[in-house]
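The same chain A turns up in both complexes below, where it pairs with chain B and then with chain C.
The block that comes next holds the complex of A and B.
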């Protein structure tokens, strides 16, 4: 019997059926699940992977469109290997498509290692607890929802909100402590991205001088949906290689996870699987977990993988299955608000539902600055009070508010327009952010600051 | 006796002194008020100048980074393009070499060995199609007929194969590709690795 991997590989020249992105063929031998398939047609070679096996039948998911494909005049070859990508440090600065093929005209990556894009599950015992922070240069994130190395912190956005700008700004500005900054890189995975958005990302990375430390995986809106399912896996495989074999600190930005989930729904429906909530497959949770859980730090390596998945909530509904299930797996979230955006504030981060669950372990003395935890707590509390005062002022009118309530309103405005608001090119250091936090907080009387140590108030509060 | 002139002189002095004192107070008052304003304005302008200065410096840094970055990106692109060109040339050379190889005795040996291997897997098949290059059709037609007398086969030409053959079992829709072209295609990874390790 012939084995794959020998010089001779059998090809099958007839399909039973073509159904959407799936092809079905029978009489196959020695085929395994997840194996990559080459489909030769008169118009060129397409790729796919085995998604289901039953007796001598195989169902193959084709990565490219199946339109124009005939059940005859094809030749299907099972390669014997799962989808692998070639990796070396040379991938930095390169642009790949959704299945890891170079699209920047620079040719293939040779001389590295080959890794299966499905990854290997991280041994829970080998995991290291995330510590220390990544500076994004964006005050609302750095001060209030601090990103910790090894964390997975999603951005919940909505259609038309500036999440792409936010993602580009994070890529441009993100840094870790100066002594380790040379070992910091970004893996950027885009799923279902429009051509103009792809150009925007490429241009802004080129202009800001960060392209050299970014690896891009681009699946465009008109690329096949099946490819979209592979894109984050390719990106995370590249991130794992750089983090755990090259000891680098890697920030993975994945946008838009909603496009990914919709592709999953489309494929699931084509496979005639039983649909779950809103038509998404029942395994959406475990599928998302198989991506998000690839973030973290390992005891055996100096590197780390930090994830910022970006998702757009359909109808701004946070109870939609995608943000809902994402929230179960990740360690907090950054929520963008349409209300704040309409007040012309960028980035429109609503800090009240936003949270970084690991922030407490990577801020304060030894990491950022001694006053950081207290300051962040106090800003949260004060901004929450602002919402109550705003509601009250809508009932009784602003003039009828007490002096202290008027101070809160003043604080609210200053917080949104001075602290939250910053330009796309403005990169604030942690020191600047914390000082700005004290500036806006000092609008309130000292007696209102009940969540900060008195010694710190003495040191940082601005009187007069 | 005090004369009127002297009285006038005295009063004049008193009035002048009083007015001078009042003026001095006014002058002092204005000096302190406007002096402060001038100082404040001076400080404010200095602050603004510093801010503008640092903003300009940031802008200059940004522009500098953009220019350096573009140059670096361009440099990397050129380097990658050159490497790709060399790789494509190498593959083309191998294809040319393979074409020449089809005239050698070693090729004949390889062809027959591959034929035996593939027919071993298709021994149950009765209807078989071969695709070979033009040169090989006449060269191997007789040999194949002699080796497999019980099999119905036809031979067609496909010069894209460079050398070797593809064989198709018409009854079971199975094809085996033993062409030199497919061997080169599947060896591209190895070729690339060897070439790039020499280029580094």
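The block that comes next holds the complex of A and C.
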């Protein structure tokens, strides 16, 4: 069933089948894989993309709910193009929905360039290896999981843990602007975010005075699930434009990646694909990589994209496919712990599983301070010993511990309550953070410091 | 042959099907649509052929054409490979960069090493010489470190009836002509070889030499052999890539092929930025002079990921055939297996374990079997060593890729999340790792390092084993209640762990440690252990025996004693001896006085 529309674009007025988020049409001609489809019904326009072609049949994945759709009374148009969004510097301060349409009443973005939201892989020879650290003012991050400009460093959290506060604090305190090149912006992608949480971010951006430098792509908890697949792609396309064409330093916050993955699982099962672990599709790794790898720096541009994806670990389980595959792709992770949070410590970062892989090239002499790598190493080693001692003290009782073990417990407490713990408004300098590190570490006798150069111990260790 | 065309009828991600394919061959390389996307025929059923496409298929349409090339997916092998970085099917990333800019587009077409490049060529044969397959007929100094021997391709032989003089030639120039019967062959500076077929050798030889990595836990405890196979499994962030990079930097292989298979773009950039600045400890020249990179990062097309490790190992075999010891790092083989799974899924094949195709084990075996210590066709001893990283889901080693890999490799370097969390690097678990080459290499260690090197190794390992048993007890009762000799075991184990097993890749002295220093360090720890044990036997309490000063000196000798040490180890051992002499003496005196 077809008829001629304008511009020789054919319109199809009959569907074969509707199955969950998928519609199937036959008799199609000249349709290309991955192109965007417009589906007009009496109640409005929906969008979708071609996910499979077989002879004259096309399977289209619809971004909005298909409920209410019927096989008749529709008009389907193949646009011939992949999904693109319009971009110019005017997107700063704007709010878009999950598929990149303006929802702030500000109208369309005019005069901009059009970019395919799927992006393209960055050529490794075009990349520049990120080496400059970003001071966040948060001790646990600055000292132990140092954030580097151009890094992808996710927050692994759990329901009810203060990951939003942490992200907001980073946005507020992060010195992402270069002295000479003060251009920075924040791209915020919400996938299935609760209204309260979105409100919280909005308010905190406002308070930090960055609202005019934020671009938001919002797919909220009650917005269409399938649309979530597109949201981070729109956001990252905007980020790439601002970073690599406008030479800006971009911080991308993407939350909640768990909702994104669940949307992907839903579509995969509708397509009857062979499910992998926990029902997620086998290509979850590649799919996540196609998002996370869109962070970095390039030789031809002064800008950068730093990504802080946030995900909530189902059951606080770090081996769940979502955190697991994320960790395999990102350049480290910041892991929040319920235990520590219950001890009333903010930010409740469990430093042991946390890691910044790019820190190695961005800290130490010439970058932060000469003692930084050794100090960090020693804190990790000592805090891991604290966990052993804690386990032992639960068996034999604290009183029975050896003197040195008692020192470790004391160190553990001081570390959590003095070093980790800081208020939402507290912005510590790198110098303060490192000094604080030495202060708590000096609870341990000098002879326990086996990871630090003797000369540095001499210089920084606090005796008596 | 080249003008057959199929017609696309089905498109699903990297997998497409075309009709009219009856004249195509299985595994034939094809180009798809006018964009000339590269693909490979992976099955033919009547007139319907299935093709895996090595580039993004967005924008393809039903009805577009598939063109045959008449040959299997192959590589051009010749000068210009070393120091270069390629995608999964040997297209230079620099060339792609020139064509499509910062971001990789599709439709780059077939590209390979630069055939127009002029090389200074020496020809080493004369008219009338009889050449057989694998014989060397000339050479090009490809990098200051590597002489690139020009070889007669496998399957070809004959009498030299034409040769050019030494001089500068581009790669399309016919350098030598061979004649055999009434057939003749033109030899150029490069040859082509299909990636899925192992290159022939004369004979496999037994393993006899270690691949020296400068990493103590590997060289001393779990040595890798030249021509051997090793797997490095570990959860995310446990140090697979770091270990592979360390081996790529410091091992005594002649040539390194580093395959970034489904991993991070920045890791490839890091190699590109760092290696040219790193100096090879043996030659004093930049490490890039011996390094080849293959990159299919996690966001590049999945089908090319499947091909990338074959591309890597084929290049390795080619340099092996010249007589070199080549080491291939594949990071990560799990991403390759997942690519296999994804394509298999789209083909709707029957999945076996965890969705992986039933042929996963045989593919893994075929891959690792391409390693070996061999006699080449031209009678040289040479090797391909394969070291594969494995990224098990959830860090759980019971999953199919780790389990099947374990069946086919001889060295297993299991990375441990707990060690990584405590920043014990390299996080190689000394209890669960193993090397199957100990017996084959024992002789070599005896002849080249020291008679008792392996003995010391065994002793250290048994201390660590004992420690692990004791720690079970300590967990329940604490350390204080153990008798002094057992507490000593714990102390010495700590020295081994911190002072020996831990090795800081970022420390300029510690990042690479030659075997003789490894041995001297072992001897010092052994001395400390024996002296301490003796003292404890005499009834001296552990608190006295464990002199913080002496123990700290031993733990930090890795930093304080340089790789080009002179008397430092003798001095340290004298210091240990005299400390214990003094201790014994005072103790004897005290005993006497009592």
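Methods note: the second predicted complex is superposed on the first by the 445 of 464 C-alpha atoms of A that agree within 3 Å, B and C clash if a C-alpha of one lies under 4 Å from a C-alpha of the other, contacts with A are read in each partner's own complex, and residues count from 1 in each chain.
By definition in this document, a contact is a pair of C-beta atoms (placed from the backbone, for glycine too) under 8 Å apart; a residue touches a chain by one contact, two chains touch by 3 or more.
Remember, it's a predicted structure, so these values are computed and weren't measured experimentally.
Residue contacts after overlaying the shared chain place A:75 against chain B, while chain C stays out of touching range. When the two complexes are overlaid on their common chain A, residue A:429 makes contact with neither chain B nor chain C. In the superposition on chain A, A:344 makes contact with neither chain B nor chain C.
Within the superposed three-chain model, A:208 lies in touch with chain B and out of touch with chain C [touch as defined at top]. Taking chain A as the reference, the larger set of touched residues comes from C, when chain B and chain C are compared. When the two complexes are overlaid on their common chain A, residue A:373 makes contact with chain C while staying clear of chain B. When both complexes are overlaid on chain A, the residue A:105 reaches chain B alone and has no touch with chain C.
No residue of chain A is contacted both by chain B in one complex and by chain C in the other.
Chain A makes touch with chain B in their complex at residues 2, 7-14, 27, 75, 77, 86, 93, 104-108, 110-111, 206-212, 425. The residues of chain A lying in touch with chain C in their complex are 30-35, 51-56, 82, 118-130, 244, 273-277, 282-283, 285-286, 289-290, 293-294, 296, 298, 300, 319-321, 324, 327-329, 331-333, 352-353, 355, 357-358, 360, 373, 377, 380-381, 384-385, 391-392, 395-396, 400-402, 405, 447, 450-451, 453-454. Residues of chain C that touch chain A in their complex: 9-12, 56-63, 85, 93-94, 96-97, 100-105, 235-237, 260, 262, 264-266, 268-270, 272-273, 295, 297-300, 302, 335, 338, 341-342, 345, 351, 354-355, 391, 393-396, 417, 421-424, 474-480, 498, 506, 548, 552, 555-556, 559. Considering their complex, residues 62, 65-66, 68-70, 72-73, 76-77, 80-81, 83-84, 87, 114, 117-118, 121, 168, 172-178, 183, 188-189, 192-193, 195-197, 200 of chain B touch chain A.
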